[in-house]
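Chains here go by letter, A, B, C and D, matching the order in which they are written, and residues are numbered from 1 within each.
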Amino acid sequence: MDLNYTTEQTAFRAEAREWLAANVPPSPLPSFDTEAGFQAHREWEAKLYEGRWGMITWPEAMGGRGADLIQWLIFEEEYYAAGAPLRVNQNGIFLLGPTMMEYGTEEQKQRFLNGMATGKDIWCQAWSEPNAGSDMAAIRAKAELSEDGKHYIVNGQKTWSTRAVWADWAFGMFRTDPDSQRHKGLSFILVPLDLEGITVRPIPQLDGLPGFAEIFFDNVKVPVDCLLGESGQGWSVAMATAGFERGLMLRSPARFQQTAKRLVELYKENQASADLDPAVKKAVVKAYMDAEAYTLSTYQTACRLVQGGKIGAESSTNKIFWSELDRDMHATAMSILGARAELLPHAPQAGGVANWLDGWLFSQSGPIYAGTNEIQRNIIAERMLGMPR
Amino acid sequence: MDFTFTEDQLLFQESVREFLLNEVTAESIRKLWDTESGRSDQLWTQLAELGLTAMTVPEEFGGLGMNELDFVLIAQECGYVALPAPLVHQALVAVPTLINMSGDNADALKAQWLPAIAEGSAKVMVGLEVNMLVEDAHIADLLIMQHGQQLHALTPAQFTLQFNESVDPSRKLYSVEWTASAETLIADGDAAQQLIDGAMDRGALGVAAESLGLSQRMVDMAVTYTADRQQFGKPIGSFQAVKHLMANIAFKLEYAKTPVYRAAYTIAHKQQSSSVNVSHAKLAATEVGQIAARNTMQAHGAMGYTWEVDLQIFMKKAWAYNNAWGLVAFHEQRIADFVLSDSAVIGAGNTFV
Amino acid sequence: MDLNYTTEQTAFRAEAREWLAANVPPSPLPSFDTEAGFQAHREWEAKLYEGRWGMITWPEAMGGRGADLIQWLIFEEEYYAAGAPLRVNQNGIFLLGPTMMEYGTEEQKQRFLNGMATGKDIWCQAWSEPNAGSDMAAIRAKAELSEDGKHYIVNGQKTWSTRAVWADWAFGMFRTDPDSQRHKGLSFILVPLDLEGITVRPIPQLDGLPGFAEIFFDNVKVPVDCLLGESGQGWSVAMATAGFERGLMLRSPARFQQTAKRLVELYKENQASADLDPAVKKAVVKAYMDAEAYTLSTYQTACRLVQGGKIGAESSTNKIFWSELDRDMHATAMSILGARAELLPHAPQAGGVANWLDGWLFSQSGPIYAGTNEIQRNIIAERMLGMPR
Amino acid sequence: MDFTFTEDQLLFQESVREFLLNEVTAESIRKLWDTESGRSDQLWTQLAELGLTAMTVPEEFGGLGMNELDFVLIAQECGYVALPAPLVHQALVAVPTLINMSGDNADALKAQWLPAIAEGSAKVMVGLEVNMLVEDAHIADLLIMQHGQQLHALTPAQFTLQFNESVDPSRKLYSVEWTASAETLIADGDAAQQLIDGAMDRGALGVAAESLGLSQRMVDMAVTYTADRQQFGKPIGSFQAVKHLMANIAFKLEYAKTPVYRAAYTIAHKQQSSSVNVSHAKLAATEVGQIAARNTMQAHGAMGYTWEVDLQIFMKKAWAYNNAWGLVAFHEQRIADFVLSDSAVIGAGNTFV
């Protein structure tokens, strides 16, 4: 065990910090759940790509830096500490990208990865269906091979597609064998969202913004070269993606450390009134500890993986931990803000509420998406502890 | 000793519930979100016709002369439908404030406003410092405003308003600009403080009772949703984890109801314990509101996170009520001050005094 | 609604208070989980009977006072406030007694009720079996009618029989129809514990004392007149008893109010050190509130029942509420006691720990016995909320 | 940056685990409850033969010269079997206190005691005021006692003991009567305070590491029990409510481990953050211990409430550790003092400094 960064790691951090200091927009971009905000974030992706900071874990040949997980953690720390924008293309870069590098053909990699990296193509997921949420194997949307074998004819409905409203492409699972059941007969298919027969219906979130969408497919002709991996093997391909999703790449400890830090600052600014409720100080201390613990455990996992280890039940334990931590931290902030907590930031009397309310709303979704915490607890009990099904 | 409501009280509650469920639907609430005032004159007229605006107004002023205990079940039903109208506020806060007023202008004020309130032709709201903002000030014909240890009465010409948007689109909150003057003064010193304290307690009682209704509604919605929604080949409501999410609301809700009823009783009977009882009621009921919001959100899955699903109507109001009419810290401290005082008589046999 | 006691109720309280002041032993009796303590408690039962305070809800003709539930609540308040001993015969008086009045023959009432009332016969339950705990319908202990029809031949094993070590009689359910399944074919039978073939094996509890026992039956001949209710109808008879058990009679709000009061006192005595952990004061306030809420709700239910209402899901909601309240209150006391919390009262440095540790241990059993809180939550969800099974 | 243990450290942990699981069974622990001292010389000899008493003793004194980080996995295993012997205390508290001693008598003390500790022929315990009582004082050949801002070394002739019975029959706690004198004094002032602070931190680290093991053991026992125990026709471990009781321990336990390892590392490397890191480790690990005790008790049903079931061996120790080596309030305050100070550098990128 050596908890010091190497000279190279320290230099890498300095390089990242310098670039971010020079390039991060001075004021926050508008929400990417608005059209203008989406465009602004797309441009930010392009800028990241130019600086080779967009997909640092990708190979250098693809515009990345071949960074290992420790470097990735360092970069994330600098990224969040700099207050840089959220990643509008995270589904592409962190989920589909690595999956494509593993399962894609050479032609597919050539065709898709660069557009993904530059922000030209923004990707969304098309996984859940109205009756296949937690139970992904219940997928019914069909993709039938045309008679000439050149296209899949896609029919059905997907839902909860985050950032699908203005995205360019979707990736998801479709039933290519109409007689198949559950996990079998599914294929992983990439779909350009401008094809005829596709309707994207925005779903407004709790904050009123269309953060996700339903996608309807009505005899959509998708070229067969959009199949990723083998036909009927969609479940294995998707599970690789789900592993990434629940795993490290999207739940950067840096995000929660910055929230904990802001919570400490909020508490200090309001200490006199906050201390009237003795639970608040305790909760602030706990927020700091838990964000630290999440960071420590992520580093440990990253070190293990860098040394060739495999990811285990961490993807379930960490899902529960960060999502409940995030909700708890925001609940504490709401307590500190008191009567102001319910106000939108532009309300005349909202002074100092910052974006805590937005964060509180968003934190409600944490225990639900990417596999509800109830499902994660089942997984821990059954797979990690070996309890009977 | 009889800790039950009368048949009459329960029947009236039922008829009000029926009316509200028919008239105040999620659809009608969403329609009001798109209007400028967010309030409906027609709905107010209907409430007046039912006698609800007159309930707490004394008979001599054309009212029904009922008290806080009579009204508490109605407030609960208002919460159940998330009523987008200041009925609870007016009946539990404004009307008693007017009634309890004394001094030079008191009789004139009562004579002018109470009959109008009862018949539904005037609305009176109260702005206390504890709330920072005044709900529904924009539709008030008279505002009674706290100014330190004074109360002032203002007609619309005497104030200007700024809207403050809440996460709950049904809440209409305003900051009020106005100038205190001898002309607007209606109570001062101890007399004013008593009115302020009483208004505070009644306001807290109101949101406590509404929180019971909100919580019940959220549970009912989630129970229905999870009975319909299928995953892994069965309704998700049949999974033990989902059942326990709901049971954890339900059993706590049962133990929040009686504190609310007791508080309404001790306020109505002007018992000394009423402030402590109100704080207990407020804490217990709004805590259930927070748990109900969290657990029903979880039971709804991603649906709960959407604008389309009606859960948000009740959830956001429950969140707001946690910090309205006195923060958690304020109410806890009031109970602590009592429980820890040397004169407190607590323990078995000392609940009803 | 009228939250004032009537003149009669106030007079009743005064009478109870006076009698208790004159008769409650000046220092606590030894634990009834010891032989000497059991005997002392049996004598206390006799004294209560003499004063007609033993079973106040029983009819006057049977030595009771025909008290209604409000009077019972008042008496319990005075009883706990006076620090009177726990009831060693509660299984008899509160569970079996009312059941026998409903289901017993005239002869059985004559034969059993007086001995129960005077403390001559102390009763224990014989319900659970090694594989029939939460799932009572899984009972396997057999009671087969002898050929001459005069006896049941009882074989099998019961467990978790509270206070069975020194008890005189047991009541419980046995399978009288050997071919029956689940809830059917069970009978409710009364068994004198001195019969040949009965072995009582004490089970020491967490505190080391034999608070419960296993009872082994080896061809025990129980006279047929010990059948309560009809043969094969044991489940209905037992459910009446279970309703009482989970219901009001054994979970007196007074007990929890007195614990809350003692917790407030403990906190005040140790306030300077206790306040170092800001959660403690909050927990003390909550203990007071929850004990009040439990009292209020019990009064409401009692008033409803007095007016002819029926008990509903209260038996499940109150089981969860009081058991978790009791555990929480004792956990708070342990926090206040700090390093002393683990010490037994006779330890030289234990000053001021009183019986909090005992209470803490006992509170561990609350969420388990009389139907685990998991089972109660199922019941609330299914029966009160109507959720699907 | 490498946050993993070496192959050697993990292999040694495994061999110690294997030894302890064979030698320190629930049966052997219960046997010791019936002895007067509650401790076994034979077991101590075995621990010494394994090299465990020598681990943290410097090589120049016949030890293995390993540090707190090397030992932390061993302490975890001691918790897993609820080792009824003061190995963790001696290796993590007493030995470093002796090592870090300076001044006139220091060299003589080290030369006298460290080799004897290493070979297993002497036991040294440390009594700090934070603990009120001294564990295992009755088998100590030397007691190092805090007296305000002084440390004194006492041989058995210089103190008398009174036994204080704990809810955990394996804990042997004593109040110590003794008289401070110039003859017994071994450290004073700042030097003593540093030793006291260091002993405190290492003691807290020890119970934190042991709590990880205790929690893991309770989970393992409950998982086994609930897989066997049938109700309603299936193992109770297949019910979602029981699964979630266990999952709630397991996920929190994962997030208590790394804080403990980090604390061991920063103590071993004398980093300034070590006190705050220890407090975090202690709070996280003992909190998991409390949750594990509660949830595994519940999963065991009535069996968990008996003397016969071995769960109590681990549960009672977990309870006791919650209040040993600094109360929750003490450790929370240390973290609050750091986090809230104006000089604190927190947030992303500041975890490893």
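In the analysis below, contacts are C-beta pairs under 8 Å (C-beta built on N, C-alpha and C of every residue); 3 or more make two chains touch, one makes a residue touch a chain.
Owing to the predicted nature of the structure, the values given are computational and were not obtained by experimental measurement.
S.K.: Determine, using the mean of C-alpha atoms as each chain's centre, which chain is farthest from chain D.
M.R.: B
S.K.: Between A-B and B-C, which chain pair is linked by more C-beta pairs in contact?
M.R.: Comparing A-B with B-C, the pair joined by more C-beta contacts is B-C.
S.K.: Would you mind pulling out the distance in Å between where the CA atoms of chain C average out and where those of chain D do?
M.R.: Taking the mean C-alpha position of each chain, the two centres sit 40 Å apart.
S.K.: In whole angstrom, what separates the CA-based centres of chain A and chain C?
M.R.: Roughly 53 Å, centre to centre.
S.K.: Can you tell me which residues of chain A touch two or more of the remaining chains?
M.R.: Within chain A, residues 277, 281-282, 374, 377 contact more than one other chain.
S.K.: Two or more other chains touching the same residue: where does that happen in chain D?
M.R.: 239-242, 244, 332
S.K.: State the interface residues of chain B toward chain C in the complex, per the touch definition above.
M.R.: 1-6, 69, 219, 223, 226-227, 234-235, 237-238, 240, 242-244, 246-248, 250-251, 254-259, 261-262, 265-266, 269, 280, 283-284, 332, 335-336, 339-340, 346-352
S.K.: Please name which positions on chain D make contact with chain C in the complex.
M.R.: Interface residues on chain D, with respect to chain C: 131-133, 162-168, 171, 173, 175, 230-233, 236, 239, 241-242, 294, 297-298, 301-302, 304-308, 312, 316, 319-320, 322-324, 327-330, 332-333.
S.K.: What part of chain B is in contact with chain D in the complex they form?
M.R.: Spelled out, the residues of chain B in touch with chain D are 239-241, 244.
S.K.: For the complex, give me every residue of chain C touching chain D.
M.R.: Touching chain D: residues 128, 131, 133-135, 138, 159-160, 203-206, 208, 273, 276-277, 327, 334-335, 337-344, 346-350, 357, 361, 364-365, 367-369, 372-374, 377 of chain C.
S.K.: Sort out for me which residues of chain A touch chain D in the complex.
M.R.: 1-6, 9, 13, 70, 74, 76-78, 80-81, 253-255, 257-258, 260-261, 264, 267-268, 281-282, 284-285, 288-290, 292-297, 299-300, 302-304, 307, 314, 316-317, 320-321, 374, 376-378, 380-382, 384-389
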